[in-house]
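Which chain is which? They are A, B, C, D, E and F, in the order written, and residues in each are numbered from 1.
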């Protein structure tokens, strides 16, 4: 098992991205597994020394998973593991789409593209929310050999990668979790059906509205 | 997904208002989703780094939701997400009506007016209680492009907005959660039925009494 | 909704009394609501930043409520809300009778006299126990426009209110929770039946004994 | 309700004894009530700001109660209330027999002699274990008007009360919880049957052994 | 009830041994009782101010008890009480065999030899593991009037008791919990059957192996 | 029972390896036992003063165990005991494969080779992940008399043992938990079936991908 994987497909494994210190990105994989529960009723168990915001991020993801599976996981445990995080652990909510993708891959036993990396926060209704450090993260994904990277659409204007990376990696902006899985999962038929299921249960929030940017663009600064 | 939305209707999303520091308001959305529960029995899960008073505010709102749904959510989880709150999180109870509206919208799958913002605390019986900082909050709602803003009736005399905002935004004072939903929700038939249901289960406390103001008006100072 | 109410009847709302600092009283309402439980089995949920003694006071009240309802609330949640307590919250056990009255009012859907205020601790068997600061509390009730105030019989000798208040407010000393409800609740028939029920289940402790005062009257100093 | 009671019989109320500071005793009543449980399965709820050793004392008492009732309380809550303990609360395990007597009185609805005070720790098998401060406690019971006081047999040699108290109060040393109830409860028939039940379920530990004192009498110093 | 007992047999009571400070031992009894559970499902409740290692020791013992009873205790509570430990409480895992013996005695209602004292840690599979301070503990058992003392076989070479104690007390080294009960329990028939049951369920770990000592004898130093 | 065992087979006992300070290894056994659960539903109970990363390591292992047993342990408790860890306890996740092997040995009642020692972290999907200190650990295993030692394949290039140890011990690099059990367990038929079961449920992650090393080999530094 190599910690850095950037080719092929794997079930339950997704390349996440994090910022180290001020100006450097790192690729951190997230793994997931679904198991029978041992005690009374299923639970979500996340390891990797998650700080508070990361724990809450997992709770937000669980809303989407529970809605998606519709009671079928009531007696299952969902294991989520941040690999290689050491004693300092994980903070922030920018791995939300990474976690959601790993769990759905494990649930459906469909492979995830390992040449893809991703970063993005999530609302409990499936909207992909902006994160910090996108430029450093994209560069880290490129250095690690990835061919594509998913970022939140709301972060598109924050991308200022150096020229040397521009041809190495394709940037894919998304605004809903269904788009993430459309890009990340292997195959066609089964995938299309789960993507449209995700759209129908969580994806209705944006349809009936036209959204506007705030006049004075005081940029949000989530992490 | 834009963090600032001030047009159209969305299910499970409501524009809340908060005070930053001493003299500045900010519009903070709250999102909600109802899902099957995973383990034993449903629970309320609120994220956004809620401090103690905010957690209690969510518990007070849950009283109204449980009364409103009448056991139908006993095996459902209620997810509530404060968007964009970062590491400092949320405190105070002034988002109570925002949370209640987001949850009922998600429960009933009825859209909420995104050109509307709101602030207000709640009693467990549905009374809208006064909050702090209404002037700054109204100005923030106006700046964010909202057309209307709901405030507690008990805060009416605290409103001292600058002239420039007076024509930008309509101020709607309310005293019961049923009035909030009457204003906020999309449509007519289904809405009217849920509003009158809310009135009948929680709204009886004020009917049989005439209320008086305390002689020496030592104004309450909740947050 | 006015925070200060001193006329009419309301269900699930009772005027409590607290001491602020050394020499000043304040009227603080307590509200209650009974709802279906969401998860597994009912619970008591009290908000208003309760400190330890106040939490224990609520547990003592719950003994009386459970005895009174006799399993009928095993799948209900009891919500108790101290209004207007802010960040500093509530301490002490002197709101015990206020809480008990609010909960029983909500359970039975019988109005509580809002021109009445009250203070008193409770034993788990329904005895009203003495509290501190009765003089300041009575004056606060009078200033807030209340016509009557309930105090523990054991505090009768502690009352030293100024002449100006003596005609404004009637002082009602009580020794058992059944007397509190006899005074506080609206109506007759239904009330009498619940009062005698309360007497029979919790009120037997004092009947078979004659009580004596300790020789050296080292006054108790509960808060 | 008088906090100091030293005559007659009451159900669920027992005069306990505590040491204040270095050289002064105080009589502190303990009350108990048995109620239906609200949530899932019964529990023991003790109030009065119990410190750790006092909490453990209540757990030890619960062993005897559960053995005594034999499943009949599996869906009951046991409420135990230390009266008049204020913010400093209760520590130590010397109220164990007081708590056990109050609970069994409440369970069986049999009155407890209020002219009796008591102090004593308990093993989970019903043995009365020695406590500290017996002399000060006996004097406090006498001052409060009690006619009899129960102490652990193992503390007999520690009693050094002043002459003035010797005729005021009878000292009753006991070694098993069944003896405590034999002395404390009202009536005959029903009491005898419960006392012999207590003996048979918890009282067998001492029968088959002859006990010896340690050679060098390093006196135990429990609190 | 005498705290120091060194003759006869008692059910649910075992003489344990502890080290006080650097160079002095003390005999500390452990008591156990098995009761119906009050709430949902049985639990292990240990009192005596147990520190972390002592709590874990009780958890390890519970593995053996659950294996031994095979579901028959699923709705029973196991109460374990360290007597005479005061505010400083108990630490370390050297009372594991004492606790296991007290619980099995209580479960089977078979007396334990009070002229016997014991010290020893336990693996979850029933192996008796070495402890510290055996010399001081043996001397304390002898001083307290005990005739026999059980120690872990792995501590045999650590025994350096003074000549005066050598004839006072018999030292019995053991390597498995079944040997402890063979020595400690009263009677024959019933005991033999439980001892062989203990051997068969937990005793198989050592049979199929020959064990060797590490070359460089860096002695283990558990407490 | 000898703490250091390096011959024969034992059920539920595995030789783990840890680093002490900067440059010294130690062999630490892990034991496991499976028991009926006492309360409501089974749980995993790990003792030995586990720090946070070690607790999370046990949670990751539990994912594999639950997947492997497929609901058969839902009413069983899994006891895991780190022997000889004292007050300082255990940290890090390098005992993951040791714990998994001990638990599966206990579940299946198949002996583990005691002449084998092992170190390795685990993903929730069964991948063996790299650890720190492999050189010191291998030397400790050799000194303790072991003939073989399992290490993560990803640590192969980190092995720099001194010549004196090279002939004493065989180093076995592995990349999946199924390989660990293939090496560690006694016998053939039953073992082969469980190994292939482990492969099929957790082993599919690596099959469909070719893995590449990151260009700049910034070595991972988990503990």
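Convention: a contact is a pair of C-beta atoms (placed from the backbone, for glycine too) under 8 Å apart; a residue touches a chain by one contact, two chains touch by 3 or more.
On a predicted model such as this, the values are computed, not experimentally measured, just so you know.
> From chain B, what is the lowest number of touch steps before chain D is reached?
The least step count works out to 2.
> I want to confirm something about chain E and chain F. Since they are copies of the same sequence, is their interface symmetric in residue numbering (over half shared, so same) or not (under half, so different)?
Different, since most residue numbers here occur in only one copy.
> So how far apart, in whole Å, are chain C and chain E when each is placed at the average of its C-alpha atoms?
The separation of the two C-alpha centroids amounts to 52 Å.
> Indicate the whole-number Å distance between the mean C-alpha point of chain A and the mean C-alpha point of chain D.
Averaging C-alpha atoms per chain gives centres 60 Å apart.
> How many angstrom lie between the centres of chain B and chain C, each centre taken as the mean Cα position?
That gives a centre separation of 30 Å.
> Two or more other chains touching the same residue: where does that happen in chain C?
Expected reply: 37, 40.
> So what shape is it, when you link every pair of chains that touch: line, ring, star, complete or other?
Contact map by chain: ring.
> Once the touching pairs are worked out, the chains link into a ring; list them from chain C, going toward chain D first.
Order around the closed ring, chain C first, chain D second: C, D, E, F, A, B.
> If you look only at chain E, which of its residues touch chain F in the complex?
The contact residues of chain E facing chain F are 37, 40-44, 52-53, 56-57, 59-60, 62-64, 66-67, 69-71, 73-74, 76, 78, 123-125, 127-130, 152-154, 175-176, 202, 204-206, 208-216, 220-223.
> Mind listing the chain D positions that touch chain C in their complex?
Contact set of chain D toward chain C: 1-13, 31-33, 35-40, 45, 47-49, 77, 79-81, 83-84, 86-87, 111, 114, 143-145.
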